[in-house]
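Below are two complexes that have chain A in common, paired first with chain B and then with chain C.
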Partner chain A sequence: MSGPSEVPQPAFPRQRRSSAASARFYSRGVSVCLAAPLVVALAIGFVYPVTRLVGLSFEGGSLEQYRRLVAEPLYLGVLASTVKVAVVVTIASLLLGFPVAYLMARLRHGIAMVVAACVFIPLWTSVLVRSYAWVVLLQRNGIVNTLLADAGITDGPMKLIYTQGAVIVAMTHVLMPFMILPIYSTLRTLPPDYNRAARNLGAGAFRAFISITLPLSLPGVFAGSVLCFVLALGFYITPALVGGPGSMLMATLIGQQTTVLLDWPFAAALSTVLLTVTLIFVFLFRKTLSLSKGLHSVH
Partner chain B sequence: MISFPLRWTRAHRVVAASALSLLSWSSVSLATEQVVIASTGGAYDRALKAAWFDPFTKATGIKVVTVVATNAEMRAKVAAMVKTGNVTWDLYLDGEIQAASTAHKAVTEDLTDFCKQFAGRKDLGVNACAAGGALLQSTATLLAYRTGDGGPTPETWADMWDSKTFSGERAFPNFDDPWRVMAAALLADGVSRDELFPLDVERALKKLDEIRPAVSVWWKTGDQSVQGFRNGDYSIGQIWLTRAKAMQNEGLPIGWSYKASFLVGDRIALVKGAQNRDNALKLMAFWLNSPEAQAMACEVLSCTPPSTDAIALMSEDVRKTMPHANEVRDFMVVPDAEWINANAAQLLQRWNEWLR
Partner chain C sequence: MIGQYLSLIGLEKHFGSVRAVTTLSLEIGAGEFVSLVGPSGSGKTTALNMIAGFEEPSAGKIVIGGRDLTHVTPNRRGIGMVFQKYALFPHMTVQQNIAFPLRMRGQSNKTRIATRVDEMLELVQLSSYGERYPQQLSGGQQQRVALARALAFEPPVLLMDEPLGALDKKLREAMQFEIKRLQERLGATVVYVTHDQDEALTMSDRVAVMAGGELKQFGTPTELYRHPNSAFVADFIGRMNFIEGNCIENAGGTAMVRLSDDTVLSIRAQGLPARPSAGQSIKLAIRPERVRVARRGEGGSGCLAAVVQTCVFVGSVHILVVRLECRPDVLLQIQLPAEGGQPFRERDTVDLLLDDGAIHLFADTERHAA
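This part shows the complex of A and B:
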């Protein structure tokens, strides 16, 4: 993750030198030995089960599971709404998370640590706890409803919990750190000199942000967005706790097939479709990135 | 967050294998007899331990190891254990209806032979021991309502649909097992109890369309149904009797009607290939043979024990809130497990379509 390569950048070469240096330090054999444990762990713990899963969905060499999946409008409909929710959550996390990341990168060290703690502590807290916290906040006589009623904004309690809105709010909250951290790490590596140079050349604070900081932070923005989006596609606990009947997501359907109906081939087919859709979106993200100028370094 | 059942299976297999080797090593070295049972934990587990497991260990010297999981987890894990040949559980608890399904038969041992020993018992009903498992207890899913305004109280499912006479919002379960909501709708629509099964799904959903705007809670867990009632989210709901009784014990103004109720039970099932099969059978027989244990557990859990002798041992207070024999005879609906299981996938799919 670095800036456009034509700009001379004394701040970055350290990284590049280190990657070249490691190739010089370690022989091929040592490199293989070092990488082997992870590769083996991934092969056993990830590649093999996922292959089995995909294989299970084609049980008996037939496409029956997929035919069933396409024949019923329910499954593709839920898939579409899952993607929609993931997109909304990603955009919301970006809009709310970017200012926080910017603040963390620009504040003095001590205060930045406090802000960072506010981001990290929720990240370390269980998703279950955070989702339950929203139940407490949003329920009929919860804090939000009481506040609105006392302020005279609403007449009676509004229906906040068990709605699609509650799912989006809670998921945004849970996924926010995954957006903030990549953006923060990109912003932190931006030398303040660029901004200063822009200001020196007559740009206002806003203009400098729009034409210097924002474009250079895009690699972090895209990394955060992909992370949030992919995680949001597979959300299970949060929609189950704060969502209503209208907020049915793909993971809920997979869970039903796995644990209630024990129809694992069909669950595998649903999982495979979700996995494929996820991969397609990640691929499209990267395609878009490599097309935009100045973002070749995004991975 | 992302659930891949098979990755679980593999992971589980590794964990189970290592646990297994440890287990077999320790059981050889310590030579203790034991039996592993999975239950849903919490108050349920504590009551069973005090009334059933501890006296059993005292009487036989066999240690009872409990594992906590939700019913859905149990089903998935047991299926995985049997599929991979690493069976670490001996017994687990499952719903009456699930215990009659083909999927259940595939992973549990047929207990027909074991059940023969209870055939002559007068205190046990005919279904106290069945091929799918021994009966642990019975309870109901029924209509519960908020009391206290002095007006008429709802008694039937038709009353639940009658929003003119009975105002307030409604609650229904939505835990992937929709037959009881559909059945309530059909009964409210005038279908008689004898003609309820096979369920007329389309008619049920049409009737449910009428009440849908008034439904404020579609509960997924028993806890949600309790929390919703406490908060005043609904005033009439279809909930579990055990939860309704728990709320009554808390002092909440709640009443219920056995005229709008479904009989549901829990069964103890023996996993195929269980390592401590003999001990497991002993533990099951101990339950059915001890009315004292059943009475003690059901006293706490507000359930109906399989043995009528056990009911006689329970306190007057608890017996008062139990369904009377004539209520059971005239009103309680016993679900057609065979039909529900045969149509489970279809029911759930249609339900999902309607709900979203």
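This part shows the complex of A and C:
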């Protein structure tokens, strides 16, 4: 590519959103007053407990808890399988959720509302209810096993529930709306002219999607993936209900340490590790996003 | 010359029971610049979308250079299009945007693509902007990139959907000449949609006036201005004064029009498509620059008495608004040459002499947009 540049080009203006647009309308005092309740609530309800938690894990100024965590392969195994489950759930949500989001953005308003309702209603239903639904479906004499046996596909009931597979399926179901909504909102803001222009310029429907719609929807895909992944890393209820002792995840392990074994310092150490891992992944995601060319200016 | 001829044959589009376009037939020559003008909802954009392939016609045919394209998908039509909001791909640089149609056409030779992109950038005078992203360019620059992208593959027909709508007035005028220059240089066939009749008159070889999904008149800008075939076209193209009246006689090329109980005008009306018959209510139309004004008593016979309401100087001309004495409900706008001082003052009484050759008579059956 040759780019003649006799004219000095200014450095690429990064659109940093350091302050919200509303900052221009309100004075500093009003802004502080408006933000204060949330800041106080966060300080009391989040910052303080987390600080205490981290402090607790270094009880007596020793690294004893962390040494224990590293020495026992079981714990690192749980951490690894947590990350693995989160990755699989995120990818599954993306593959299943993107078409739904795409459909919602393309459909006529009335039908789009119906599809949106199908996405939203599960979101408004308690996670507990949705997870128990999977217990009903997947248990030994549950609907899935009965159907499979009746259809002659299997001889007897298979072990579906209390496996890692069950955890992945149920978590994907629970977390899917968090993938669909950001992608949907990104696709919705794409002017239909982009697609038309691509078609007009000679791209078939598929190539127009691959070279225009998909890259322009990436900010939504990233946002949805981060949401899904972070939520999956710390997910408790679903793995606790559908997962068995063999498919323990970090959150269930921490729960067990605090409520059953009452080993609070060790639970605190586990939590700190989970928190750190989560933050690292969020940081990496953001880095990737800001590196992908041109995307920062799409919105 | 890259342009080819375009025929629209009895094109129709219905959305449910709404007829967006009814039997539109146009023959557009190779290298011709044709504008579709009309108020919003006139069907001009729908017509354009049918040519581009974004809307399937309910009936009719689209033929370009002898090839029937009616049912061909948009990406196989090879038609260029410039969108109102440019529709440049924001994740691609200017170069990549212009290279897009070349790549989609299976051109994989990188140096050839680069050469062509450079040529196009030079054509629109943006050679040093190839590496930038669209949102780093001004509106006018973006539109030039869109133009370069649409022309990069030498389309037989270029469609433009209100391409200057988002630009300010000065820039719009500069771009009008720029587009016209490119079109003439390349010999492109252009179908240009706009609601701005001035823009259409300035740029086009021929203009198609549409209203309510129908083609009202298709002709050169001079034809439309001098010989509008309906009150709608007369009103839409340029400024026009209307006076309602009654035709009481129409024979031997002279029409007698009653404007009020004691005022009858005798008019040698020019070639009208629907010559009004006696007893019909009609609309008499005349352009502001075709009315002559004299002081009361100096106009001679056959004048209309009027009172000046306002007289303003707008640079190139004086604009005079007068009220007819025989018909106090009628206000006429008159343009007078700007030389000399203020020719008339408020409440001056004047005689109006309507230039016979410039009067149009329309049957007063159709509604026309005010």
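Operating definition for what follows: the second predicted complex is superposed on the first by the 273 of 299 C-alpha atoms of A that agree within 3 Å, B and C clash if a C-alpha of one lies under 4 Å from a C-alpha of the other, contacts with A are read in each partner's own complex, and residues count from 1 in each chain.
Everything below uses one rule, namely that contacts are C-beta pairs under 8 Å (C-beta built on N, C-alpha and C of every residue); 3 or more make two chains touch, one makes a residue touch a chain.
Small disclaimer: the values here were computed from a predicted structure and weren't measured.
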Exercise. With the two complexes superposed on chain A, say which partner A:Tyr194 touches: chain B (first), chain C (second), both, or neither.
Key: second
Quiz prompt | Touched partner set for A:Met158, first chain B, second chain C, both or neither | solution = neither
Practice problem: Could you say whether A:Leu148 touches chain B, chain C, both of them, or neither, answering first, second, both or neither? | Solution: neither
Practice problem: Have a look at where A:Ile91 lands relative to chain B and chain C in the superposition and call it first, second, both or neither. | Solution: neither
Quiz item: Should A:Ile212 be classified as contacting the first partner (chain B), the second (chain C), both, or neither?
Solution: second
Quiz item: For chain A, which side has the bigger count of touched residues, chain B or chain C?
Solution: B
Quiz item: Looking at the overlay, what does A:Tyr48 touch: chain B (first), chain C (second), both, or neither?
Solution: first
Quiz item: With the two structures laid over each other on chain A, which partner does A:Ala116 touch: chain B (first), chain C (second), both, or neither?
Solution: neither
Quiz item: Can A:Ala203 be said to touch chain B (first), chain C (second), both, or neither?
Solution: second
Practice problem: Provide the residue numbers of chain B that touch chain A in the complex, in ascending order. | Solution: 1-7, 9-11, 72-73, 75-76, 79, 103, 174, 176-177, 216-218, 220, 227, 231-233, 344-345, 348-349, 352-353, 355-356
Practice problem: Please give the residue numbers of chain A that touch chain C in the complex, ascending. | Solution: 1-7, 9, 12-13, 191, 193-194, 196-204, 207-208, 211-212, 215-216, 293-295, 297-298
Exercise. Could you pull out which chain C residues touch chain A in their complex?
Key: 52-54, 73-81, 83, 85, 87-92, 95, 100-101, 104-105, 110, 114, 118, 127-133, 135-136, 149-150, 153
Practice problem: Spell out the residues on chain A that touch chain B in their complex, using ranges where they run on. | Solution: 44-46, 48-50, 52-53, 56, 72-74, 77-78, 81, 127, 135, 139-141, 159, 162, 231, 233-237, 240, 244-246, 248, 251, 253-256, 258-264, 267-268, 271
